[in-house]
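Just so it is clear, A, B, C and D label the chains in written order, and each chain counts residues from 1 on its own.
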Amino acid sequence: MSLHKRHTLSATALILATLGLTACGNKDAAPAASGEVTIKIGHAAPLTGPQAHLGKDNENGAVMAIDELNSRGVTLGGNKVKFVLISEDDQADPKAGTTVAQKFVDQKVNGVVGHLNSGTTIPASRIYSDAGIPQISGSATNPTYTQQGFKTTFRVFANDVHQGQALAQFATQSLKAKTIAIVDDRTAYGQGLADEFKKAAEAAGARIVAQEFTTDKATDFKAILTKIKASNPDILFFSAMDAQGGPALKQARELGLKATFLIGDGGCTPEFIKLAGNAAEGQYCSLPGVPLEKMPGGTVFKEKYKQRYNQQIQLYAPYVYDAVMVMADAMQRANSADPTKYLPEVSKAQYQGVTAKIEFDAKGDLSVPAVSIYQDKGGDWNFVETLGVTAAAPAKK
Amino acid sequence: MTTQPLLLVSHVCKAFGGVQALKDVSITLKRGEIYGLIGPNGAGKTTLFNCLTGLYVPDSGQFVFDDKPLVCNAPDKTVRQGIARTFQNIRLFANMTALENVMVGRHARLRSNVLSDILRTPFNRREEQATKDQALQLMRYVGIAHRAHDLAKHLSYGDQRRLEVARALATHPKLLCLDEPAAGMNANETAGLRQLIETIRADGISVLLIEHDVQLVMGLCDRVAVLDYGELICEDIPAVVQQHPRVIEAYLGSGAHA
Amino acid sequence: MKMAGRFLARLRNPNGSSMHWVAWVVLGVLLATMPWIIGASFGNTWLRILNFALLYVMLALGLNIVVGFAGLLDMGYIAFYAVGAYLWALLASPQFGLHWPLWAILPLGAAVAGLFGVLLGAPTLKLRGDYLAIVTLGFGEIIRIFLNNLNAPVNITNGPQGISAIDPVHFGSVSLARPIDLGFTTLPSLVAYYYLFLVAALLIIAIALRLESSRVGRAWAAIREDEVAAKACGINTRNVKLLAFAMGATFGGVAGGLFAGFQQFVSPESFGLLESVMVLCMVVLGGMGHIPGVILGALLLTLLPEFFRHIAAPLQQSLFGKVFVDPESLRMLLFGLALVLVMRYRPSGLWPSPQRRREIDDVLNTDAPADLPVNPT
Amino acid sequence: MDIFLQQIINGLVLGSIYALVALGYTMVYGILGLINFAHGEVVMVGALVAYSIMTALLPTGMPPVLLALLALLVAAPVCMGLAWAIERYAYRPLRHAPKLAPLISAIGVSILLQNLAMMIWGRSYHSFPDILPAITYDINGAHISLLQVVTIALAALTMAVLAWLIQRTSLGQAMRATAENPAIAELMGIPVNRIITLTFIIGAALAALAGLMVGANYSVAHYYMGFMLGLKAFTAAVLGGIGNITGAMLGGLLLGLIESLGAGYIADLTGGFLGSHYQDIFAFLVLIGVLVFRPGGLMGERVSERA
């Protein structure tokens, strides 16, 4: 019952927000009027460096959520509250990540969304946990994050285990692959995803005929691709970012390697198609969650984002948006922004976000994570299918 | 003092590519002697020095010093055995003080190690103080004590030569090898140098001297060996060497007629 | 800087005046109260930054032994930091289920890092400065690549995922990760770490100072100045060079261990080539071979980027209404420029060792002839 | 067999590029005894300038080959000017400074150029346009594209011209004299400074060509591409014997083959214990091996103990 009610509420909020968006688009709004309580939400992502565009995208998502909450007018414990976003640059560097985390704790933020990378999220999570501040990441995919035994860690994004399983499921069932080659870029992301994919694919009866490695700075993949060609796989799963995946696909075709190309969320970008050129046609990528168009309010969000920032969503903005919303929802249910009071409510969340229905398992991962597969047709990623992963995978040691 | 020679060089050969820099050179140096090594440019004098002090490995032949064979290719061991040297073109530690230069010379004779250096044990402190005192004393000995705290590179040419000698003496050698110490010195400085070398010998250190200044060599050395194209022409007291026909031909020839 | 120099001179000069011990007391009080002042006025963020700065001071002093003292350009220095950090991570984390105490791991980390220093040094002994630079760079990368890949076939380092849930620094049951109750007051975790790092840094400074003015320090300087002459002075250049690598690596290992205990997470990305270059910048810009200069370099290069973060973007925003250059790139750009300019105009760094003053000792003034000193050994 | 042949082709293409870059290192080292750490960044600038020109002119509908030629005509002078400036302002004032100074300055230049390039071209990977039609020849199942044939041929031609320039012309003679002994060359009336500048400039022109080749063959260009490439090319130069022109070419080709075959066969050779994750360490291992066991490289003199 209450579930239905909340659903309606958020849908109404979305519509309201859409209407009121142009009116209150400024994030540096005037200081809170007297009587208003300020709720500080910390947001951390690399805002400079090679991943700045992704970090900025995350920030945009958070800003949209904050503005929407403020325009909706939330009251907690009888006081009207105002949400403020404190956005910090963690440079995708573990060291800077902890510095930023410390800063949030110093400033007594009520909650944190982020960080973007697993490498920063994990060391920072300890600091939040020590301070009892809830943390919701919308993009860190490393399973370890939620497996450290902290009560404050949540994630509104399918982790590597989920995504690896979904990709493997797609490869073995939908594409009926018997032989698979894997390349990973030896980053925490690439290697983590590749390992989960491998486990799941082997469990599903496929044979891994080649496993090769590259780096996140490489441009020449011909040696490893030639080796892969010798094993003649049905599918090549390339576990890396778009900057490597695009050129690698192109080089694979030059060598006459005909395997179907599969890449994770790091390659599910327009950039990948640009770099791979014609070779991208017909190849597949995966992205956690359900396509925005299929979600209630999703298309609206997409349009709003485009209207406001005059660009397409890069990758994780909707997830970060949901992260903020889930946090605010928990505060409302607890009727308090005090971390100790609303933290239990976060774990009990049943929130219909723009990316998924958000419910957490015991560790803080999505209990019903979904992963969608897309295919390049005519230079755009087109939705193919959504794979529900039934249950969170068992913890890696 | 035993009658055994201090240094026995026997049948040393050394070639660089096709050039035979030393051909079967054998010389003997007695204890307490000032021994001159002369020869025209490229005669192999410095090569012999470098073989002797362990910078080069001779192709064949051997050195016996103080009744023990010298280890080749280990300059630090040579120093420990008691041979010290200076260089033809002065090689000081330019950015260290003069005093520190001399203290470095004591290196092989000190017993403290990293651990005692870090802990500053009483032994270490005593040794450091002693090292400093000895270095200062040596600088006084060669007559440049007043420049102890100047950087080596700021010393005058003559003082740098003296500093190099002090540094070599600091290794507590039995044999001091000087490679053209008078090069570039004026008559005054040369006279001072001569005096210094004689004092050193008087203090019981043998000296092996490479020098171009024939007058200095003939006046100073007890015995002289002459090298030409890597070959030993003769080895005798200056008076005899000066009369040797091949020496006159090979080396003194032009000078004698001038 | 001039004031700092004067202050320093006062610290050094034992027979200066009563100001001597006053200066020490002032410095001591300053260092002891620093975390409280900073914590109170700027927040724990800056305290954390200060802790990292202390780690970099240790690293820079370690590299200074190799580069500044012995004149061996090592561009893979961060590898030793990595060795120390990973050793701690492996021996005090759930990775192997080991939880060794500090007094066991830290010396072991130092020793293993020192051993790696020797291993790296041994094949490179005969190389000239510039070759040495490239070979050490290669060694550093090789170590990083191995750390990144040693998760299969046997999982040792956990690969690119890094090792998390590392034990914090603890003494018995007292963990520095939690506030420590001292009875009269509570010591916040970051302050406790500050004191620990300060003690470690002071210890390393003391060791570096003592090494500099010792038998081995002179030997290093001699090698740096002229290797052939050093040999002719009876210095076993091979051993002395290896010793420099080992000592430098040891400091790196200690700093690495403390880093792992402090951060409680290590992954190979913290030990890239850029970090080596960074530490080298600290040594070179501060003043190669001059300990106070190197400390200054380390502090400057850890603190300045943080100021940049707070200033560069907002400043551009207000000036141009747009951020043209993000602080991270600006920082690297300035480092590059600084390296070129410093080499050209101040090759001995921002704070080089003062020109050795001529201390004319009374004893020295007498130019009387002396006897050849008698050798005690 | 076709796989082996394919790896050889991959290695030859990579090796030709290494060789071109290695020449820049070796010429400068031969004359100044300086490792021009920033040379890799010059290659990167060449690639990115070529990329900019080509994408700017793409809409004109010019044939891609012409585009590439135009791009090279712009990129080469840019690189040459850059090399001139680097030599003039970062190296020349330090010619008599302590031995570490020019090297540290070179590292500084390298960092500086990388970050400047990042500001100009951004951090993203740029997709390099195709400059030749995608014609592929099949040799026993191995693929070799027209572009690869042209790359290898062009590199060979360039190197032949360079060899002729150095061995047969008066400029080459002056360069060799300067390399032998700058002081005496000066006395003989050779304008040593000008020769040094020229050496840098010729190396930069080769770097621009190499940059274009990297972009065309691997279809990407970005600000960070020069560093690793430079390091590996330097390794190639050392492998061949630094200071030796023929050695640099040989070393480049050899390193290309080693990397390609290494990545392809290391897993088989070590029974799966080591895999292609260790691809990047081959260059370093070769470098260390050569310097330790054969310091003169394959064709060079002994360099390690030259004081």
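Simple rule for what comes next: contacts are C-beta pairs under 8 Å (C-beta built on N, C-alpha and C of every residue); 3 or more make two chains touch, one makes a residue touch a chain.
Quantities reported herein were computed from a predicted structural model and do not represent experimental measurements.
Trainee: Most remote chain relative to chain C, going by C-alpha centroids?
Mentor: When every chain centre is compared against chain C, the largest gap points to B.
Trainee: In whole angstrom, how far does the Cα centroid of chain C sit from the Cα centroid of chain D?
Mentor: 35
Trainee: Based only on mean CA positions, could you tell me how far chain A sits from chain D in angstrom?
Mentor: 40
Trainee: Taking the mean of the C-alpha atoms as each chain's centre, how many Å separate chain B from chain D?
Mentor: Whole-Å distance between the two chain centres: 48.
Trainee: Specify, in ascending order, the residues of chain A that touch 2 or more different other chains.
Mentor: Each of 49, 52, 186, 213 in chain A touches at least two other chains.
Trainee: Name the residues of chain D that each touch 2 or more other chains.
Mentor: Chain D, residues with two or more chain partners: 275, 277, 280.
Trainee: Chain B: which residues touch two or more other chains?
Mentor: none
Trainee: Which two-chain combinations touch?
Mentor: Taking the chains two at a time, the touching pairs are A-C, A-D, B-C, C-D.
Trainee: Would you mind writing out the residues of chain D in touch with chain A in their complex?
Mentor: That would be residues 3, 6-7, 10-11, 13-14, 123-125, 127, 130, 134, 136, 143, 145, 214, 217-220, 222, 224-225, 228, 259-264, 275-277, 279-280 of chain D.
Trainee: Okay, in this complex, where on chain C does chain D touch?
Mentor: Touch residues, chain C against chain D: 67, 71, 73, 123-124, 126-131, 133-135, 137-139, 141-142, 145, 148-149, 153, 227-228, 277, 280, 284, 288, 324-325, 329, 332-333, 335-340, 343-344, 347.
Trainee: For chain D, which residues are in contact with chain C within the complex?
Mentor: Per the stated touch rule, the residues are 34-35, 89-90, 93-94, 97-105, 107-116, 118-119, 231, 234, 238, 272-273, 275, 277-278, 280-281, 283-285, 287-288, 291-292, 295, 303-307.
Trainee: Contact residues on chain B for chain C in the complex?
Mentor: Chain B reaches chain C through residues 53-55, 75-76, 79-80, 84-85, 87, 91-97, 100, 103-105, 107-114, 117-118, 120, 124, 128, 130-131, 133-134, 136-138, 140-141, 143, 145-146, 148-151, 167-172, 200, 203, 205.
Trainee: Could you pull out which chain A residues touch chain C in their complex?
Mentor: It is residues 47-49, 52, 89, 91, 93-95, 98-99, 102-103, 105-107, 119, 122-123, 126, 130, 142, 144, 148, 186-188, 190-192, 213 of chain A that touch chain C.
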